[in-house]
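Both complexes below contain subunit A, partnered by subunit B and then by subunit C.
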Partner chain A sequence: MAMLEVKNLNVYYGGFQALSDITLSVERDQIVSILGSNGAGKSTLLKTISGLLKPSTGSIHFNGEKIDPLGPHDIVKLGLALVPEGRKIFSTLTVLENLLIGSYSPGARRTKDEQLENVFELFPRLAERKGQLGSTLSGGEQQMLAIGRALMSQPRLIIFDEISLGLSPVMVKHLYHAVNRIKQKGMVVVLVEQDVKRSLKTADFAYILQEGKIRLKGNPKDFTEEEVKKAYFGL
Partner chain B sequence: MLTSLEPLINGILLGGLYAVIGIGLSMIFGIMRQVNLAHGELMILASYFSLVFLQLLGIHPLVTFLFVLPAIFILGYLIQTFLFNWVLEKGMEPYLMISFGLSIILQNAMLLLFTPDARTLQTSLAIKSINVFNLFYVPVIYLVDFVVGFLVLGLLHLIMKKTYLGWAIRAASDNLTAARLMGINPKRVYALAMGIAVITAAISGVLVGMTFTFYPHSGTQYLIIAFGVVIIGGLGSLPGTFLGGLILGVSQLVGGRIIGPGLQLLSGYIILLIVLTIRPQGILGRK
Partner chain C sequence: MSSNRIRILLAALLLIALATLPFWATRYMVSILLLICLYMTLASMWNLLAGYSGLISLGQQMFIGIGGYSLAVLSMYHGLPIFLSVFLGGVISVLLAVLISLPIFRMKGVYFAIGTWIIAEALGICFSNWGYVRYGMGLFIQPAYRLSMSTIYYAALVLCIGSIALIYLLLRSNLGLALMAIRDDDRASEAIGVNIFRCKFTCFLLSAFITGMTAGVLYLNTIFIQPFEAFGIGWTVKLLFIVIIGGLGTVAGPIVGAAVFVVLQQYLSEYVGFNLIIFGTITISVIFFTPKGIVGTFQEKLGFEIFPIRRR
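Now for the complex of A and B:
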């Protein structure tokens, strides 16, 4: 059984259809990549999976449980975490408070000290800055914080939305290294990216979205450059 | 000359009470960007609750907190859950109207139940005063008001900085979408926050009842004080509210001494106007 199973998903914004008939699955022990240009429907898909948007038709199952009727706060408790696009860290809370609020779910609170240690081990920079306000961090540090905060909820599946957006190549490399370590710890990783090359290199399975539809899917090693271009740009 | 310290000291002490009157209003604005016009009535409702327990059980007004605070917390939680939570996403007007309606209903319910007579929560504290270096007197009840007020604000500060509830409240007002992704159910957090806000209102209501007389319609008068405090200090800021309380208290009493006791309120609001002109977001408020 797949960890995350999305079936025939249709999502509308008013009269505009943002996603049409999306079916995808994420298996355990995988890094799955979802690619697409701006406006392809990636963010809508993530908002729907995390419960911020409700689909018109279709279903989403996580670990066998139907999650599409649930609110975001209930979905987090089941072990599905989202690192949102644009980080969305709490700028008026300190770094430490940002991390602690990540363990808000009752299940995660009990092990928060242990989780905190893991996060600080993964990103020592956050430990150095734990007393500072979130707003004082650099873009890369904010991304680390957003990832650390998601890890605090003890997720089984973690989705990264535009992890590399607006960051330096050195920082992106550092963050991808962290993603690999997160996978090694047994979490399932979903990468949603505009950065095609790096994301295809990291993924075990990839979906390419365009205009709300899946245009290409499979093991990225089997993709030809021609196929990827066609699916991504619609050329 | 030193006797002119009297209104200053008393103003500071009274300001501690004013700060607690304002903090609930400030909190709700900081968290939900909404104004609860029933704040004053909830305060006075707690004064009457306290009066009932005081007369039934013959206990000290401060001991009635044991009964009044849990009851008013539940009331606040229910009001938020069954009234305010329905209109949160619809802008400020529905919230204002509902809370205005609630204030009218509470006022008239209190009038019906408790008659329009002036009441007070009598204690021996109310008639004691401390002689300061043979220069002037400080009423003991003002000292109690200040100490309790200071403790309430300190405790609130600790809740906000050290507990999951506090982090959740601050996170929800900082970035609602991200807060929901952290597992926070905003409506539940708002209901708990309202429960806490009305607890602070209830504490100030009991203090007011011990210090002054109150009537079913006294709420409005204290709502205006609450507005004064949070506008001077800055809406949503806890240290700002404390400072706002002190400034309003001092400007009322010192102003009253200078231009006459009949114009106490006026001198307080002159300071309010000055702050509004120079720093509209309040002294410690953020834009």
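Now for the complex of A and C:
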């Protein structure tokens, strides 16, 4: 059984159809990549999966459970975490508070000390900056904090939205290294990216979206450059 | 001595002074501190909503009225013990809060403010047309005649210290963390698993409960309750003044604000009519020049918090 199963999803903003007939599945022990240019529907798809938007038709199952009617906090409780685009860390909260809020749900709260240790081991920089306000961190550190915060909820599946946006190549490399370590710890990883090259290199399976539809899917090793360009740009 | 031990020592001295006050202070001083305690509690509850939960209520007077009338009706008409009536006033306030939460929580920001105000006004009109509570003429709460000033003072002191301790613990709990996150970015906190409605609802009920009980003690002191005064917007205006000059969203703000307000009120009561102009001028000046209030400004300048609630 797939970890995440999206079936025939249609989402509208008023009269505008943002997603049409999206079907995708994420298996266990996989890094799955969802690619697409600006306006392809990636963010809409994520918002729908995490419960912030409701689909008009179609269904989303997570770990066998139907989650599309649930609210965002219930979905987090089931073990699906999102590292949002633009980090969205709490700038008036300290680094420690930002992490603790990640383990807000009762299930995660019980093991929060253990989780905190894991996060600090993954990103020692966060431990150094524990008492600082979120707003004083650099872009890369904020991204680490956003990832750490998502890990605090003890997710089984973690979605990274534009993890490399606006960061230096060194930092991006560092973060992708962390993504691989997260996968090794047994979590399922979904990467939503514009950085095609790097995410195709990392992923076991990829979907390319364009204008709200899936244009290409499969193992990225089998993709030809021609196919990717066509699916991505619509050329 | 570490700053923590100095803090504990000062707090202990203050507590002893407050606890023994009726034995060494004048009756006038006790009555002033009684008022400060009551306003502190009411203002802390308004601050919990406006300063921490983002709920600007202009209708706290609905719980003041309900608390006061519950005390009057239960203790006089039904012969219940006075302090049980005060407690039940809090319970009935919670019931009212639950009842109105369905429509009121669909409103946001300024609509929530107006909505709460309208409900309080409507309740005032209902009570002034209700023969059971003698219409607009009001009620004298006769059982309260027997109570001494120091008994009422102790009740107010217990409520005040209890509610400040409760707020402090609440803000240091997970709920407090969630409230801070919601204040920072509500969409992001929702996406991370915070149930925004439940957090705000909890604070709303707590605020109703303690405001209702405090109103009971307040009317033990005033003795006379009348609908347009009890359900009047004047209460929330006072609380707003206290919290703004003290410091919105700080635990110590309402404490300092209430002390300043009650003392000012005593001195300004000679100048009827002018006092409101002076209160208004002070509030506007504070909003313009030190928007964080007395406590907020001091915390920023000195980096010292009386009630530290942050995790570092």
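General remarks:
One rule holds for everything that comes next: the second predicted complex is superposed on the first by the 235 of 235 C-alpha atoms of A that agree within 3 Å, B and C clash if a C-alpha of one lies under 4 Å from a C-alpha of the other, contacts with A are read in each partner's own complex, and residues count from 1 in each chain.
Just so we're on the same page, contacts are C-beta pairs under 8 Å (C-beta built on N, C-alpha and C of every residue); 3 or more make two chains touch, one makes a residue touch a chain.
Nothing here was measured: the structure is a model prediction, and the numbers come from that model.
Considered on the superposed subunit A, subunit B and subunit C are sterically incompatible, since they clash.
Contacts of A:E97 after superposition on the shared chain: both subunit B and subunit C are touched.
Using the contact criterion defined above for the overlaid structures, shared-chain residue A:R149 touches subunit B and also reaches subunit C.
Once the two complexes are laid over each other on the shared chain, residue contacts for A:G131 go to subunit C alone; subunit B is not touched. Look at A:K221: by the touch rule set out above, it reaches neither subunit B nor subunit C.
In the superposed pair of complexes, A:H73 makes contact with subunit B and with subunit C alike. Applying the stated touch rule to the two superposed structures, the overlap between the subunit B and subunit C interfaces on subunit A comprises residues 50, 52, 71-73, 76-77, 82, 84, 88-93, 97, 100-102, 104-105, 108-109, 149, 153. Those residues of subunit A lying in contact with subunit C across their complex are 50, 52, 71-73, 76-77, 82, 84, 88-94, 96-97, 100-102, 104-105, 108-109, 130-131, 149-150, 153. Remark: subunit A residues 50-52, 71-73, 76-77, 81-82, 84, 88-93, 97, 100-102, 104-105, 108-109, 149, 153 touch subunit B in the complex. The residues of subunit B lying in touch with subunit A in their complex are 164, 167-168, 170-171, 174-175, 177-185.
By the touch criterion stated above, subunit C contacts subunit A in their complex at residues 174, 177-178, 180-181, 183-185, 187-195, 310-312.
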